[in-house]
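The first chain written gets the first letter, and so on, giving A, B, C and D; residue counts start at 1 in each chain.
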């Protein structure tokens, strides 16, 4: 991850794109990339989405890459460590959705959402 | 990242949520989280988005966490390594947007988008 | 629709919110509302999504309302007639996806997407 | 609007696409289209977004059309009248954001958001 972030910084600096990369614009671009990722799944059934063709899987990997790149870029601009934030969030989620209450219960899931 | 992924897997298994986590549903949830992240920026100017209050910054960190968690979860279901995919994508982007052609040029940026 | 647009304009003017309503911000807000709408469906199966509870249906109607309000607001700012644009688009789509080629074919659908 | 909805129904029936058009899938597609609309604005300043080129404006009109088409399609499947829902929502919003409290106040806007 640290090495990836260094690659992203270097890429942006070489292109002088920092001026476009306000947190607002990066958050917007991240959402657009997440939509491009979701687009690959929109007409598939849940089951079909588990069995992607190799071609589709590569396209999906490309979109996952874009989401991660913008996420690291945005986090970097805000001096937020995304991995540390995710660990902390999982701790909070553990309290919000206690395993013994929500385990295996579809309805509970949406109640707690 | 590896440790974070282990935490995510354990969290989901303890709650038996795997059945909801088709790639289709995870891609949809990821997009929803990306929108919640963007929502914090929607009425801010670009400049304001660079100067978040501490309270806002914490909320944004929480949403960044959610996006990363769903991204790792989805990647895991598809057996895609998101960091490797991002490295490969930066290589492709380097060819698509040559630094000497697009550097510092706002118009070129959108031409190449 | 004309009457609805008049209500939206009056609502915004009474609150002096025009300054926040650049097309960029409205497009961002529209996307966020579309995500809030989608959130209601994210863990449902396709079949479940056809049989919403009355409570869920009302929440969904509220989000559909928000999407339409922002869509009319954005269109108004850009002096675009959304209904005329939609008619024109359906004409273009008719050429792009000829009924005799794509009718009833799931695979064709995604090929043509 | 009524005429537009009739065109949309006819278009879908001629292609036998109803089977793909669960509310879940339509909500997902709507969000994707909203993102394609937002994409046109992502690197623009607020001011630039008020002054689109004719070419860009036509592309934006096409995306507005797609959002409206999916919104009507989804509403139709759920037997929700989007215009009636929007009127009702504006009434609710009027109570939630009283003009005398929020008028012309940027901070109040986000407080109330």
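Quick note on the criterion: contacts are C-beta pairs under 8 Å (C-beta built on N, C-alpha and C of every residue); 3 or more make two chains touch, one makes a residue touch a chain.
Only a predicted model underlies this, so the values are computations on that prediction, with no experimental measurement involved.
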Of the pairs A-C and A-B, which shows more C-beta pairs in contact? A-B
Which whole number of Å gives the spacing of the CA centres of chain A and chain C? 24
On a C-alpha centroid basis, what's the spacing between chain A and chain B, in Å? 3
List, in ascending order, every residue of chain C touching at least 2 other chains. 20, 25, 28, 31, 34-35, 38, 41, 43, 45-46, 106, 109
Please classify the inter-chain touch graph. Allowed labels: line, ring, star, complete, other. complete
Within their complex, chain C touches chain B through residues 20, 25, 28-29, 31-32, 34-36, 38-39, 41-43
In the complex formed with chain D, which residues of chain C make contact? 1, 4, 7-8, 11, 14-17, 19-20, 22-25, 27-28, 30-31, 33-35, 37-38, 40-41, 44-50, 52, 57, 60-62, 64-69, 71-72, 74-75, 77-78, 80, 82-83, 85-90, 92-94, 97, 99, 102-104, 106, 109
In the complex, the residues of chain B that touch chain D are 28, 31, 35, 43, 45-46, 106, 109-110, 113
